[in-house]
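You will see two complexes here that share chain A, one where it goes with chain B and one where it goes with chain C.
Our next item is the complex of A and B:
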């Protein structure tokens, strides 16, 4: 409940700054531009959103850390983190509140892309199963990316550094299953890294198959980074 | 003292945090790895296209050893991105197999275009590259496309030379079934052809000219063992046959019909290649044939019309030639082709696109085919039309002249049109389900073959009590033409061979596999703005210049509509969000200005 209060506060604060508007305006514009103007959608002439969902992991690398970079780094820079700790909130509530606030922003950005499936459905017989699967997967992927971004923000004092660090970590999760990485790694490690690959996990979801291992992966990764975030904040609180 | 305790405490918290983080990370890793064993999944697609059919799963459950799947695929398809969805479908299917099969199914992808060993393996497995047009920047070139699958199990292997994703599961399941079976499944063959001469060591076999279906036997023999059967016996048809072919039935005795009936009623699979006319080649002299099957077929709600089908979409056939003078002044003989309506050319719309036997055939030719009449089939039996003629078809009498002379073709066409408007006729039908015996309550026909009679040991009356009816899931395919599988036709037309292979693959399977259908066949093509424009504006374009103008206009229209949609989706949400942001900013400005304004107003009034 306390987390909800914090989430709403974070949500409101986000809309007091231009960042939320920039993210919300850019995200659907970029996805539509890459998918419809630069992608092969009109050339392939198939009512399918696979190309659209294939773009999301790459766009999340840029967009999600931008929504989370400020959350802890700004508190530290302006010295409000100590004040935050004086409020009757546990660290768990603080982390969860900030996470839910940022995740809500990602959710809003995804809602703004709904025009794309609607437009495609008006052009041809779209199978909505993979679309719902894709949006469900995007929410899970978004949650994992937000948790990573939030953790990186907690580790930095500077927003830009937090953004770069967040983007790098998400990029690593997107690349760890690639053929180049697999070739350079021992077989066992390559197999393990393949299981950690965001693109591979997300692809399975956006083709319309909700598999339990994929859901467990994203939920577990989100939980891991939120717990790590809590530990970082907790340690700093004790230090201060 | 307190000063030294604080850093120790901070250090211990720090250490504790690190240990906790490591433990959580380890736990997460374990959860992720262990979760791979969970099999729960929800397929949200309309046609459940990513879920393996129960028949395939049953086959995978029967694997006793490792099944190696080698996918021959060129990784780099730059310039042919249109192939990407097809490739993803194939990868998805193989991923599903690997996920279900666990350690028993190993999928390996090799690229014969870059890997020399893989190229040799592909050649050895008879997986050939298919040329495709590659569109690179400003140029069109032809590249090689590999899309084959080799299946290795124990000491045997099967190959799908070119995978078609929608047909993939059926093709895979059929081959897997063949790999798992210890012995090759047997197909029985019944016809009035003379028996094959005995094989002599060192002497190549010579086929008697009257064995007109020998090439069909050989084609089927690649995947099945083919055995000629006699139906006039007490236990005429072994129930271990996976299918029975009745090719061009002639004067079948009551006992033979009874055997056929019992095989079908017991859950057997039967293919009947029916003809009312036996046409001698190359003279094209017809002679009528009495099959002896009509009453039995009538009992199943089927009849083969004593008519010949004339389809306006007939196969082009050389009817004459004329001599023309070339530009260099030389005289050259040019053949004249006319559509021979008695050889219907079945195209996409005439082939059942959901049945594995007929889907993906680009074309199929029939010769002197007879239209079928499908009446009410018995309860518990389902019917499915496999082949049908075009809508411009007519049923001509059996006694028409078959000659291909231009005069006769004109006469045949005139005769056809005089019969009224054309319509589509069924030419092949499949009945599946539990077939009741046609001999229920009737006298069982006695064995007439003297050799077989000697073998009869069953006491009188025992057959009636052992009469089979509606036992198991039977399948009957009736084609109103047998000439399509004659040696001469099979040698000339690869499409007929493909149809024969598909048909026997389908017939040779169990009930589950028979009902495995095409998936992902639903056409999901988006609106074609170019076509819409052409249909609206270009209907009356006749000259080349007008056609070019329509083409230019259609291209402009298509581009315009596509850009309109794209820019609306690019700018629409962005403008909406920025507009809302602006409104909120204005509102906040006003809200922030209010107290000062009030203060200023009250101050000025005071002064």
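Our next item is the complex of A and C:
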């Protein structure tokens, strides 16, 4: 499968640049630090990973756009886009390949955090059901964030701008269900925005309730941004 | 005289072999970048085995046409096809048949040469064995062994250019499109690159651009000249050259003598040397005088040199004038907007 060829390349190139190391070192370290040391974990005296998963949407705001910022912006800046487009890839192979490469990196970062539930389980009885639900939800949340970050990268020529833009859009999805937004918006819109809030959607998943609407929400959002990404890439053939 | 007609008949012996569709066929291709019209409808076809030089001033539309042929850019209208496959309708078929070395040769500088070529092979759909064979072949062909395991970003310009050529050759495509293949190379590297292109031209169809006209003269058998998005000339190199010298008295040699212009004129009259032309002295020096003669006029040239030698005149310079291709290029591309339309009708109108 052609997308897989590109996904493997992007994965490997991430290790040729500092990005993979930063993400893979920083992400588990940050989650562990925030959850175990700075959070109320020890005060609660309860073997639960609730606090750990509650952190993830916020950390994804910073970390996930870092895995995607390079993917299109750097191709455009260096002109290698031209090479890529003259290889026999369909646009959907290109978008999917880059998405899978970055998602794979997010997956690895999550795998590296498995030490945290193991550590918690050694301290007390841990209910693993919500943990697996939480990791499943994290992958869905990660997919949506990767798709958003990738789309932002396709719109920029500069990696840093792509990172900031991606972080900003993901931040908006995290804030849109907040009380402040609900107060400022008309009722109907506020209700809709509440449905789109990442934190709220993700919370029910990591409680161990894998509800179809939440799954569909993240999958649909991912698909939407990937399709938009394909359109941006395709339009550039006509307009650049 | 319609030079374009010369090429539809198989002008080169190789062209006879290609009985199928032409390797490249372009009809009415148009493309604009915002308000700038880069291609205003060009047509050409290239038969198998030809090496074609694609010429034109900067901004003429050469690179745009190449980018459309490789499927990177979309055309506004018109059609382009490679080996009978339309660029728009069967892009993957086209991309499998084209090897492309883009202008400025963009490469993934953080990847190692071997990793990048392996990726290119995978992208081309080669399996493990085919990739190994293809890599061995192109690495030997382009001499990449010394940098095979080095990051591309650390390679010199010459090696980078070879990497670009290697990735274009990996899948053994029938058509090679090379945009400024020798740009930025030192004279030795340029020579090597030309030698490689010459070898490749014996088995593949090659479309190349270059700013160095003698290079095109040395490599290509046919030239397509475009200017401001229109094709202004298209023909076998020899036809273009002769056509030029008949029409414009293309000049071959200039002889400068230390004498006044009046003295030189008197000398020519007394020795009855005709068909040579007294021209302005080189470097604007008043103590020199110069004549030049056409390349076909060997008799005039012989008469002149003989007279000069017999009279033991102090010759200070004997220079070949710009090649006739250069003269064609200058004449057709210096024509302002006014003269252009007519030129294009005369020279390269759609067949």
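The rule is short, and it goes like this: the second predicted complex is superposed on the first by the 239 of 240 C-alpha atoms of A that agree within 3 Å, B and C clash if a C-alpha of one lies under 4 Å from a C-alpha of the other, contacts with A are read in each partner's own complex, and residues count from 1 in each chain.
FYI, a residue touches a chain if its C-beta (ideal position, glycine included) is under 8 Å from a C-beta of that chain, and two chains touch if they have at least 3 such contacts.
If you're wondering where the values come from, they're calculated on a predicted model, not measured in any experiment.
Asker: Based on the superposed arrangement, let me know which partner A:189 touches: chain B (first), chain C (second), both, or neither?
Answerer: Touch partners of A:189: none, neither chain B nor chain C.
Asker: Between chain B (first) and chain C (second), which, if any, makes contact with A:238: first, second, both or neither?
Answerer: both
Asker: Using the touch definition from the top, say if A:78 reaches chain B (first), chain C (second), both or neither.
Answerer: second
Asker: Touching A:133, do we find chain B (first), chain C (second), both, or neither?
Answerer: First partner only, chain B.
Asker: Looking at the overlay, does A:160 come into contact with chain B only (first), chain C only (second), both, or neither?
Answerer: neither
Asker: Quick one: is A:168 in contact with chain B, with chain C, with both, or with neither? Answer first, second, both or neither.
Answerer: neither
Asker: Identify which of chain B and chain C touches the larger number of residues of chain A.
Answerer: After superposition, B is the partner touching more of chain A.
Asker: Quick check on the superposed pair: does A:44 touch chain B, chain C, both, or neither? Answer first, second, both or neither.
Answerer: After superposition on chain A, A:44 lies in contact with chain B alone.
Asker: Touching chain B in one complex and chain C in the other: list those residues of chain A.
Answerer: Of chain A, residues 16, 238 contact chain B in one complex and chain C in the other.
Asker: For chain A, which residues count as touching chain B in their complex?
Answerer: 15-16, 18, 21, 24-26, 28-29, 32-33, 36-37, 40, 42-48, 50, 112-113, 115-116, 119-120, 123-130, 132-133, 192, 195-196, 207-213, 216-217, 220-221, 223-224, 227-228, 231-232, 234-235, 238-239
Asker: Which chain A residues qualify as touching chain C in the complex?
Answerer: 2, 5-6, 8-9, 12-13, 16-17, 78-83, 85-90, 237-238, 240
Asker: Quick check: in the complex, which residue numbers of chain B touch chain A?
Answerer: These residues of chain B touch chain A: 9-10, 13-14, 17, 20-21, 24-25, 28-29, 31-33, 35-36, 38-46, 50, 81-82, 85, 88, 92, 522-528, 562-563, 565-574, 576-578, 580-581, 584, 588.
Asker: Quick check: in the complex, which residue numbers of chain C touch chain A?
Answerer: Chain C residues touching chain A: 33, 67, 70-74, 91-92, 95-96, 98, 100, 102, 104, 106-112, 115, 119-120, 122-125, 151, 167.
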